[in-house]
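Below are structures written as structure tokens.
Look for subunit A in each of the two complexes below; its partner is subunit B in the first and subunit C in the second.
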Partner chain A sequence: MKLRVKLVERAPTERGNPLLYGLAGLAVGIVVSVLLGGLTPAGVGGTASALMTVFGEPSRWLSALPYFTAIAASAAGLALAYRAGFITIGAEGQMVAGMIVAYWLLGRVGAGLAAGLFAAALAGVLLGALVAALRLYLLVNETLASLMLNYVVVSVLNYLVGGPWSAGGFTRTAPLPPDRTLGVATAATIVLATVLLVEAAYRFTRLGVAVDSVGLSRRAAETYGVGFHKTIMAAAAIGGALAGLGGGLYLVAVQQQLTSLNTFQSLGYGYMGILAAWLAGNVIAATLASSWLLGLLYLASTSLQISRVPWSFALAVQAIIVVFVVSAVTLSRYRIVLVRESQ
Partner chain B sequence: MRQAPIVEAECVTKVYPGGVVANDCVSLAIYSGEVLGLLGENGAGKTTFVSILAGVLEPDSGVIRVKGRPVRFRLPRDALRNGIALVPQNPMLVDAFTVAENVMLAARLAGLRIGLGEARERVRELSERYGLLVDPDARVWGLSMGERQRAEIVKALAVDASVLLLDEPTAHLSPPEAEALLRLSRRLASEGRSVVLITHRLREVLGVADRIAVMRSGRLVGVVEASEASREKLLEMMFGERLAKQPLSEPRRSRAAAGGVVLEVKGLWVLGDHGEWSVKGVDLSIRAGEVVGIAGVAGNGQRELLEALVGIRRVARGTIRFAGIDVTGKGPGARGRLGMAVVPEQRLGWALVPSKDLVFNVALGFYSSPRGPYRGVVVDWGGARRIAEKIVETMKVKTPGLDAPVEAMSGGNMQRFIVGREVLKKPRLLLAMNPTSGLDYAAAKAVDKILVDVASAGAAVLVISEDLEELLNVADRILVMNKGRIVYEAERPFDVEKIAAAMVEEVEGT
Partner chain C sequence: MVASLDLAALLGQAVIPAAVLGLAALGELLVERSGRINLGLEGMLHISYGAAAAVSIATGSMAVGFLAGLAAALLLAAIYFFTVEVLGVNQAVIGLSLVFLGSGVGVILGNLGGGAAGPALGITTARVVAAVLLVATTLGLYLFLQRSWVGYVVRSLGENEKAASMMGVDVRIVRAAMLALQAVLVAAAASLFLYGYTSGRWTAGRITGQGWLALGMVILGFWHPLGVAIASYLLGLLYSVQSLLPSLLPPGAVYAVLVDAAPYIAVIAAMAIASIIYRKTGHRPPASIWQA
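Then we have the complex of A and B:
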């Protein structure tokens, strides 16, 4: 007689609440990280204290707002595109393009905030639509095309901040005028509202039916009149608009000036958006939670480094917590059963 | 006195998530050198049972023995290594691979290390020996359903399986192809292999099987020697008391007074997947109230014709007029808005999004229908749910629930759902390809009746089917398609011999 652990998939109506499972995973991930922290100079106590500073004090949760603003804007758009089967990683470039265009209008032309943010979103739309057009009409792989465009946009930024827009010979621009900036809370609220609006459009309009059917069964979608080209173009454009807007908001609320970026790392929030979309299972509204979690993890890694924890371990803690959260959310769909086997 | 069974299932039970008991303590033995017919209506648990024997599913309890030894199959690979191969109802081949590459893959799973050259040789040799007409170098995505089915059989033979589980093998085949396959089953049995033949067609099991096992509602009702079985006895075992209450056959009405022309196709030329001409100058017209059938051996351009009519395949030459409007360059959306409904050849992925629930699949099916659950761009999910409820009720669809993924339903129930959905659109034109494929006798009759009723209500109906019997039942006119051309047209009363001959005769100028 042998005992075997087996995962049995639950019926859709019997599945656990993924949010509760995710929170449980977060708690376990923090405990495991603290225990492993005993291997570092900070020890278990130092690691626990550094993590609790971020996760244990609700007042510190708001410190993640700047990261949340940027990550959530890109993650929600990526989730929509991924649902349509359009695997872009262009949110990073679209964010940076949004920042460039917003800075140009707000800092150099003197346009109003609304115009600047609208133009930032439009820049994202154009980049998103360009990648979609390359895929639809020239069969260029959208993942590669969007990645390459990210590098192009960052190079344009670096040219501008090091050349025509350079302030005082540094690779940065002059700050935006104070009346062209926003508070972080306002920027985060705009992102929150926009993401919920996209979620509503996905849930209650034809967009959701089109996106899911194209992503899951293109053939069935086309047979019953869902336009493949139109749907991909819409998903890419909406994703671009969100990322571009996110870039504009990050500029006016957080950075308030443009600085040069490493071509390959860039700002990084557009890339973190990919992880946030994945963590959220491409559920648009759920990217708000996953983006916040990633924002907190970003804070936590900073807090850990201050507590004499090596940089590499700080990175490992992020990975450990993400793994536990993802595993717990996945587990919400299964039951663990013990099976007795006779040999 | 029989020898010991080669495969034996003892009290095999399988319960799906949601509590559907697909197999309830099923015990069945399979002997070498026999054709065992496995009968049962849709949802009886036949596919689940053979999937367990083939390692596709794990049973919740019960024992499988191969040559008397208990075995546990976790993967199809384990079954293949024990000489058991499944030829599934919906062929499971790698689309991007050639037939030979698929064979090589299966052989490796079965523990045989053969190269591509040897795989090609085996396909060619088996194809010739058994008359299966499979090109080893053809890519699977370009094959018709019938061709895929034959490729699956070649694959099973190529790995030298001693037990072949054929799940609805004739569902997508024309009568001559089906006959050939049944002869093949007998030949394989005479060579010492075991063949389990799952089918709804009583005539097939009565004609070819040595023994016949009947399942109903997940249970094995009984096993009878074919020599002692009769059509009536098997129907009673399959349907129980319901049989007496339900008329199973209804003669087709005489040709209805047809209305105006709904669909008119002139000189249609359509390219196939490989850039060859698949549809060659087809002319076709269907009037309101008329059922037109298109008969033909699988792979003679029927699929491409349907796709051109639906609007998902480009028309190279010719015109399609629907409801008086030239729709040749228009897509499926425009045609749907004009009142076109479609029952595609395959259920999953073509008619339904497998992982989505019934309500979503209603919203998709009605996406461009004027009767859809939409207010402008807004989806009326409550309306979609009511439509789904109505389909489930009127079509007697067995489902774990409206919110369960459609892939959780049996093939027959999926088909009932699709047909019900398309009929509820109250279409001006209904296009259906193999609409009763995989359905049991009663369900197939019910679908056939619905097609006739839709026509009687004033719609034009085009049925493309590889099941000639079905067309003989429902159609007012039958057109035979052979090598991309309409080679014969018949009206009632049909001359079946001429139709069958037109299906298989060599066509000049191809």
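Then we have the complex of A and C:
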């Protein structure tokens, strides 16, 4: 006889509250993250103190606004794509492409803000559509194609800021003219409104049904007249538009110039958007909350960088939290039982 | 004569990057043949590279460094196994989370080395080790997957999990074993990268992209050990050519941007061509890869 731990699926009416399980997962994830801080120069105490400072003082919450703006813009579009079963990780490249195009129009051509932001969104649409076309017509895996395009876009940016757009011999451009910039609060409001608009489109138009049905079963969706190609293309384009717009807004509201990026770190917010989307369970409006949370975690990690904690600590913490929350929510469907098995 | 000497140098230069990619890709091949895809491969390489560097610098031993890299890769493999196989969490969510977890923790671990240079292999030794590892692993996996009963079991699991289970295959045990083997190969790839490619010195982000490219190699190699090894060697060759490109291009050339992006553009193009060929020849990936 041996004892074996088994997970038995609960009946739908007996399932645990996923929100409570998710919060428990979040708490455990934060504890594990603090323990991970023991490997950094800040130590467990320093890490815990940085998190307490950021989460415990509501006055600091607004400081996460720049990160929230960038993360939420990419997360909402990714959530829509993931609902359709289109596993892209191209938001990072789309954001950077949006920044490049917006800078070109605003800083070099002298176009107006609206034109610059529209072009940034369009750049994201084109990149999103390219990945979707590769997937739909050439069967290229979208996860790999989108990731590799991210690296390509970062290379283009580095070429531009190190060459033709370089200012004063540095790997950065000249700042945007002051009348081509926006306040962070305005940028965040635009993102908030856009995300809510996409949520409304998902809930109240054919888009939502199409995206969900394609994601659940392509065959069934097509049987009922939902076009697979059209849906994937729409989800990829909307996701790209949001990420591109996010990049444009981040440029005009936060960075206000282009600087070189390394392929490893890149800008980072497009990658954080992936985690925010999964953390929100791919619920578009909920990505606003998850992006805020990840923005706060990122804020805490930037304060830790003074203690020589690498920036990547933020990524690790965010990933740990996603793993714990997603696992805990999944666990709400099961009951843990001990089973006696004969040899 | 000069051209042939250059070609020989180029072929030799390609061995280490090819082996790094090839070993990582062969590990992923095992997982995909058993019906899962581990998108966290990039994170496994990062964490293994960081752990191997930190420990080899501290102890002065490459073997201990490799074991540390293996332990780190096994940790991520265990997280993947528990969450995907036991809890049934979506494998894409976990895989992508492991990318960020692995790369984040990898940098923390690598920083523990303080930027010092650890033990390293000489260039000739590194190339011989890389060639032997790549050839031996490829042949070993070919014999295992294509010519052994256990390999047949793994492949059948990748095609139809339910049928394999009904035939008495313990799905979880097989997948756990494939993930563990993947961790071993990832640790070998990361150690080779550290000791043979970067002279024992860890740099943040130096290994970036290798895991993603390795995932592409599995597709380009059509889920076959020999194909994966050939695809990896060809990309290794491209890396060798890439390092020569700046000296061949006029300074400030617009297309200089392509130098950094070349491997990624090449892999996207190659995957598109391969997909067309596979479609025309009726080939397809293992059937149950994306079912979790």
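Keep in mind that, in the parts below, the second predicted complex is superposed on the first by the 253 of 343 C-alpha atoms of A that agree within 3 Å, B and C clash if a C-alpha of one lies under 4 Å from a C-alpha of the other, contacts with A are read in each partner's own complex, and residues count from 1 in each chain.
The working rule: a residue touches a chain if its C-beta (ideal position, glycine included) is under 8 Å from a C-beta of that chain, and two chains touch if they have at least 3 such contacts.
Please read all numbers here as calculations on a predicted model, not as lab measurements.
Participant: Tell me the contact category for A:Gly225 with respect to subunit B and subunit C: first, second, both or neither.
Facilitator: The first partner, subunit B, only.
Participant: When the two structures are overlaid on chain A, which partner does A:Pro58 contact: first (subunit B), second (subunit C), both, or neither?
Facilitator: Neither subunit B nor subunit C is touched by A:Pro58.
Participant: Just checking: does A:Leu315 make contact with subunit B only, subunit C only, both, or neither of them? Give me first, second, both or neither.
Facilitator: The answer is second: A:Leu315 touches subunit C but not subunit B.
Participant: Quick check for you: in the superposed arrangement, does A:Pro178 touch first (subunit B), second (subunit C), both or neither?
Facilitator: neither
Participant: Does subunit C touch more residues of subunit A than subunit B does, or is it the other way round?
Facilitator: C
Participant: With both complexes overlaid on chain A, does A:Leu275 touch subunit B (first), subunit C (second), both or neither?
Facilitator: In the superposed model, A:Leu275 contacts subunit C only, not subunit B.
Participant: Quick one: is A:Ala145 in contact with subunit B, with subunit C, with both, or with neither? Answer first, second, both or neither.
Facilitator: Second partner only, subunit C.
Participant: In the superposed arrangement, does A:Gly168 touch subunit B (first), subunit C (second), both or neither?
Facilitator: Touch status of A:Gly168: no partner.
Participant: Of all residues in subunit C, which touch subunit A in the complex?
Facilitator: Contact set of subunit C toward subunit A: 39, 79, 83, 86-90, 92-94, 96-101, 103-109, 111-112, 204-205, 208-209, 212, 215-216, 219, 252, 254, 256-258, 260-261, 264-265, 267-268, 271-272, 275-276, 278-279.
Participant: Which bits of subunit B are touching subunit A when the two form their complex?
Facilitator: 17-19, 72, 310, 312, 331-337, 342, 344, 348-357, 360, 363-368, 374, 377-379, 381, 400-401, 403-405
Participant: Contact residues on subunit A for subunit C in the complex?
Facilitator: The contact residues of subunit A facing subunit C are 7, 36, 39-40, 82, 87, 89, 134, 138-141, 143-145, 147-149, 151-152, 155-156, 158-159, 163, 262-265, 271, 274-275, 278, 309-310, 312-320, 322-323, 326-327, 330-331, 334.
Participant: Provide the residue numbers of subunit A that touch subunit B in the complex, in ascending order.
Facilitator: Residues 8-14, 204-210, 212-213, 216-217, 219-227, 341.
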